[in-house]
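Paired with subunit B in one complex and with subunit C in the other, subunit A is shared by the two complexes that follow.
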Partner chain A sequence: MDQFDYSDITPLPLVEPNNPVTTILYSDEYKNIFGHLAALLAAKEYSERAYALTNAAIEQNAAHYTVWQYRFKIVVALGKDLEKELDWLEEIALDNVKNYQIWNYRQLLIKKLELKSMKRELPLLETMLDEDSKNYHVWGYRKWVVSYCGDYSNELAFVNKLIKADVYNNSAWSHRYFAVVNLSQISDFDFDSEVQYVKENINLAPNNYSSWNYLIGIHEYFKKDLTDLEDFVNTHTEDMLDTEVEGVISKPGLELLVKILTLKGEKEKAAKGLDLLASKYDTIRVNYWNYQKSLLSKA
Partner chain B sequence: MSIYEKSKKTKYILSLLGKKRSAQTTITSRDEEEVELEQDEDEDLISDLQYELLSEMTTKELNLEQELFSQTIEAQRSTEQEIKTYFDKCLKDGAVPHLDRSKHANFLRFSLGQLPPAFKMLDHSQPWLYYWSTNCLALLGEEVSEDIKRKLISKLFTMMSSDGGIGGGPGQIGHVAAAYSGVLAFANIGTEEDWAKIDRKAMYQWLMALKNEDGSFCMHIGGESDTRAVYCVLTIASTLNILTEELIEGTAEWIGRCQTYEGGIGASPFDEAHGGYTYCAMAGLLILGRDTFLKHINLEKLIHWIAERQLPLEGGFSGRTNKLVDGCYSFWIGGLIPMFDVLLPEGQTTEVTSRAALMNYLLCACQDERMGGLRDKPGKMPDYYHTQYGLLGVIISQSKFSINEETLKKYSEVTPLDAFPYAFESTDIDSSISQFDEVDRVGKVNPIFPVAEGVINKFKDYWLKKDGQL
Partner chain C sequence: MSEEISPLNTARHIKYFKMCLTALPSRAQKQDSNKLLLIYCSVCALSLLGYEFTAEEKKDISAFIYLHYVPTGEGFRGSLTHKLQPWNRYDPGTLANTYSALCILITLGDEYRKKLDSEAIMKYIKSTQIENGSFLSILDIDGKPFGDGDLRQCYLAASIRKLLQYPANGVNDFDVDKMQQYIISSRAYDGGLGTQESHAGLTFCGLAALKLTNRIDGTNWDTTIDWLAHRQIFYDQYNSDLLQYDYCDDTDQGGHNGRANKYADTCYSFWCAGSLSLLNASQFIDRQLACRYLLNVTQNQIIGGFSKTDADDPDPYHAYLGLAALSLLKFEGLKELDTMLVIPKDASSVLSS
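Entry: the complex of A and B
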């Protein structure tokens, strides 16, 4: 706060005077920065000194949404170089991995710039997801910026890499679904090779719900018959419905097998699968499987 | 027979014996020693079952292909190991700890005083603190003095923003999460005189200004849009009785678009299914009624995804596929389970998860032994957020919900767009089903607006009367 003169500003109190209930004991520095900031905001001052103050404020508390909103107004009013603002934001982002004000602010800047290119976003997003590969807000931003730019061309290669690093990364599988659905609307989409890719990943980790859920998900989206998967599923469930199988089996595989048997009208076999889930493979959900069984008998 | 089935059997046996779980029901005509003995037996029977469940849980590591080393596996395994040590300790002690009410109350009371500078991280969410502390204390049956209530209300009024909303603190712009918690705090601790001072017209205009063309809402002017914002807006509008056709046009459809191929619901269309957003979406839709909900959500897929969230060893819920257990999902996920009681056709009501396993997680692994409060998981510090949603998880495990058709009819006549959430009724479930001790029973809540049962109806009725609808 040394850069500019704020002596004409009376800082607003951050707390109601003489009311000590649930009161944060702010440091003097915090009080000073945010008190002045609130006063400038109330006066609708969009100036360099206000801009500088938002820097200090974000350093103190990067989740303070009012500061971000104020900063955006200042940036627009002063005609600041928005590309530079994006540079600055990248540094902040790397220091505040869990923060999501950053991503909303970035959206505002990109929209203002009408920047329809993924070029500068890709390395940043890659670094951020490297740091925390299931970061919900980063993935959300990635979806937004991909849709905004209408550029889905990098997505499959990117999720392939993440799935290869951790086949259990459900965020990556969800992103894959987003990419595939959108890609299929703008270009020819090879459903069979996509299914092949998923099957290979299931073979690596037969108990991974992420890949099984995805497999079912794309079948439903592209209106394909789940019963096509019967042979594949059987490779993961052996003939457990006929004989007593010992050892680890694929639980999601067994669930899908039940679904397929139900579709084929083989109720008795399906019921047997549900019994196995309820009594052996997934006892914590005994009520759920019994409920499924009750639906089966009504169907 | 699995332990989950056994708990049902115990309940049956107890009913044959004419016993109730709670110790105080024993008739006093016999001499005290005998009474005590009987209580002990009673308790032993339960704790045997609890013991058995707990030891069964400790063997149920998630099936992951161990040879495929990855971050997910590493994190899952170390969490399981850590939680197992807590369960093992309980097994060794021969008891599941009680809900440490007095420690939790102390922890909560601390937030009513002066908070160290590190709490600046909540500077922009202060109404949440008021809501969590007063709500949890009320649910624990703890008194908050009139003086404190007055002072909190006075502070809330300093957070009314010039844009018409409620901000996270004085001088901040309106934020729907701050307004949501602020409104629930008003309902919890305010008087009719306080309520009369809320500028609902400004609030309504603010909400309309936050609305997007696609039916969704922003968190604040210029802020992000997601299912959380929708739930907050619907709660604010409904409880203040300012919900209109205009406000909700396209909103239910938009929520429906957020359901994913997995069955759960994300922050916005195509986002990953997530526990917190799923609660928001589901509760938001239920504000608009059962039919609206069923029209926009694939219920069977949703139920499956929710059932799948419970982890077999930990007993608690994860918020997403292949993510770790976290105490707050005891409510975000757990709070959805009883809603199926009112969504599924009669006779299909089901408990899709194990209440008893969830209770074990919350009581054995989430209570902070040192300073009180509840936490995400062992190794994490307790905080007010996890205390509230963990405690609500305890309550959910102890309650069964239904819709009082007469109440629904009454509200439908006067407030047809949003009558449904006011007709919820909760009944205590038998403690042997969740295998908890009766002394650990906490108050009742409304599952859509998480405040003590009755609070929100009183608030809504106030506005309905004021608006000449009641």
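Entry: the complex of A and C
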């Protein structure tokens, strides 16, 4: 707040009642910034000094919607350089990884810029996901900007890299689904090699629900028969229905085997699988597996 | 897993939430904009714990809440530091704080429906609804929807409508059909709901919004139930390979995560138990293990409250949702919860269904 003269402004005082509830012990700096901000907002002043003040306010509290829309109004009113604004926002994003508003603000700027290529956004998204590869807001923004620019060309290579680094990253699998569904609508999509890719990743981590769920998900989306997976599933569940195993198995594999057996009408075998899940391999969900078994007899 | 379950330290928790209602340190400034949400957590937690507010406390708290009601009567702001004089739309009501205010008032037994302008609030909510059926957080200076829109905002809008008992044929009702379509279209391939990846918090918001508007029936939720049932974390010799993974921790046993292959977190015990309860599928949770996680791992025995994980300090949000989860898990010593509105059930009994 040192760069500009605010001496003509009377900050709006914080008036609390005699018996306040949940008093936050605001710092003097916070009260000063928000007092001045309130005065400028009440006057709807769109100026350089107001612009500077929004930066100070966001550094204190990035969750106040008004500051963001006010800043955007100022950016437009003063004809600020939108590219520079995006650069500024990158720094804020790196300091506030869990904040929602930042990404919403970024969308406003991108729309204002009518950005056509997402190239500009790739380094930031890369850095943010390097820092936290499961950040929900960042993935959400990535999905948005990809859709906005209609540019799906970077996505598969990107998720390949993330899945290679962490095969359990469910955010990456989920993004892969989004990318594949969209890519398949604009170009030829090789379903079989996609399935091969997933199988290889399942072999690396047989208890990984993320990859198994993805495998089932793309079969359903592309209307493929789940029973096609029987041989593959058997490589993970071999003989389990007959010979009990001690040590690591594939729980999701056994679940899929039950699904496949049910689809094939092999109810008895499916029931055996559910019994094993209930009594041995996944006992925490005993009620759920017993319920599934009860559905089996009704089907 | 025959580890003994620690008792619920009711006296400590009461002390913790009373402290939250008194003062918070300056680092809470970051949450200043949602201060009413913190108060809501504390008031409802105290009530769930069986604490009886004195007439004086009720008067002070409700008077304080009404100071956050914006002059147009459209909703509640989050903090008095955001209040403008003279007023304009840079000082808006937000869906989150309006929801919080109504929850606080109903829990204190205040007759808010006689004092608030329901039409103005609903007109505001209706105006925040966007093309895809969801809602944004506020109206901006030009009266246009602004902010992030997702299942959370649908939940808030549907809750406010319920708390105001707004009739379906009211002139300011929002487009419930469109909201329903938005929610149903946000179901992911693995059965959970989310803006992208399935997320247990967003799943609860979507399901509760449908239930609050009587739209939950008529959709097959089997895959959602399956996904929710799998959120409860369980490690044994058959999947011990997972414990090599950074996000898997054996102290998480019985807790819930919000997404696949993530740590357990107190709030997800609630979001998952709540979602399953809305789908009449509570029996798919192992209650014993779920209670163990909350009471032995995230309950803070020194200052009270619950933290997000075993490695954090307690905060009002996780502390309340920890109690709300225990109430849904039928743990003794807590009042019953209204799952849809996430307030004590005795408070919402004044509402018709």
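Methods note: the second predicted complex is superposed on the first by the 294 of 299 C-alpha atoms of A that agree within 3 Å, B and C clash if a C-alpha of one lies under 4 Å from a C-alpha of the other, contacts with A are read in each partner's own complex, and residues count from 1 in each chain.
Here is the rule we use: contacts are C-beta pairs under 8 Å (C-beta built on N, C-alpha and C of every residue); 3 or more make two chains touch, one makes a residue touch a chain.
What you see is a predicted model; the values in this text were computed from it and never measured.
The superposition on subunit A brings subunit B into a clash with subunit C.
When the two complexes are overlaid on their common chain A, residue A:S279 makes contact with subunit B while staying clear of subunit C.
By the touch criterion defined above, A:T235 reaches neither subunit B nor subunit C. Of the two partner chains placed by superposition, subunit B and subunit C are both touched by A:F178.
Once the two complexes are laid over each other on the shared chain, residue contacts for A:P17 go to subunit C alone; subunit B is not touched.
In the superposed pair of complexes, A:S133 makes contact with subunit B only, with no contact to subunit C. Looking at the shared chain after the overlay, A:Y209 reaches both subunit B and subunit C.
In the superposition on chain A, contact is made by A:S294 with subunit B only, not with subunit C.
Across the superposed pair, subunit B and subunit C both touch subunit A at residues 12, 14-16, 19-27, 30, 34, 38, 41-42, 60-61, 63-66, 69, 100, 103-104, 134, 136, 139-140, 143, 168-171, 174-175, 177-178, 205-210, 213-214, 216-218, 220-221, 248, 251, 282-288, 291.
On the side of subunit C, the complex with subunit A involves touching residues 20-26, 28-35, 38-39, 42, 60-61, 63-65, 67, 78, 80-88, 90-92, 94, 137-138, 140-141, 146-148, 188-190, 195-199, 226, 229-230, 232, 234, 236-242, 245, 247, 254, 259-262, 283-284, 286, 289. Of all residues in subunit A, only 12, 14-17, 19-27, 30-31, 34, 38, 41-42, 44, 60-66, 69-70, 73, 100-101, 103-104, 134, 136, 139-140, 143, 168-171, 174-175, 177-178, 205-210, 213-214, 216-218, 220-221, 245-249, 251, 280-288, 291 touch subunit C in the complex they form.
Residues of subunit A that touch subunit B in their complex: 12-16, 19-27, 30, 34, 38, 41-42, 60-61, 63-66, 69, 72, 100, 103-104, 107-108, 133-134, 136, 139-140, 143, 165-171, 174-175, 177-178, 181, 204-210, 213-214, 216-218, 220-221, 248, 251, 278-279, 282-288, 290-291, 294-295. If you check the complex, the residues on subunit B that touch subunit A are 2-5, 56, 60, 63-65, 68, 70-73, 111-117, 119-124, 126, 129-130, 133, 148, 151-152, 154-155, 158, 162, 167-173, 175, 219-224, 260-262, 266-268, 270-274, 303-304, 307-308, 310, 312, 315, 320-323, 348, 350-354, 357.
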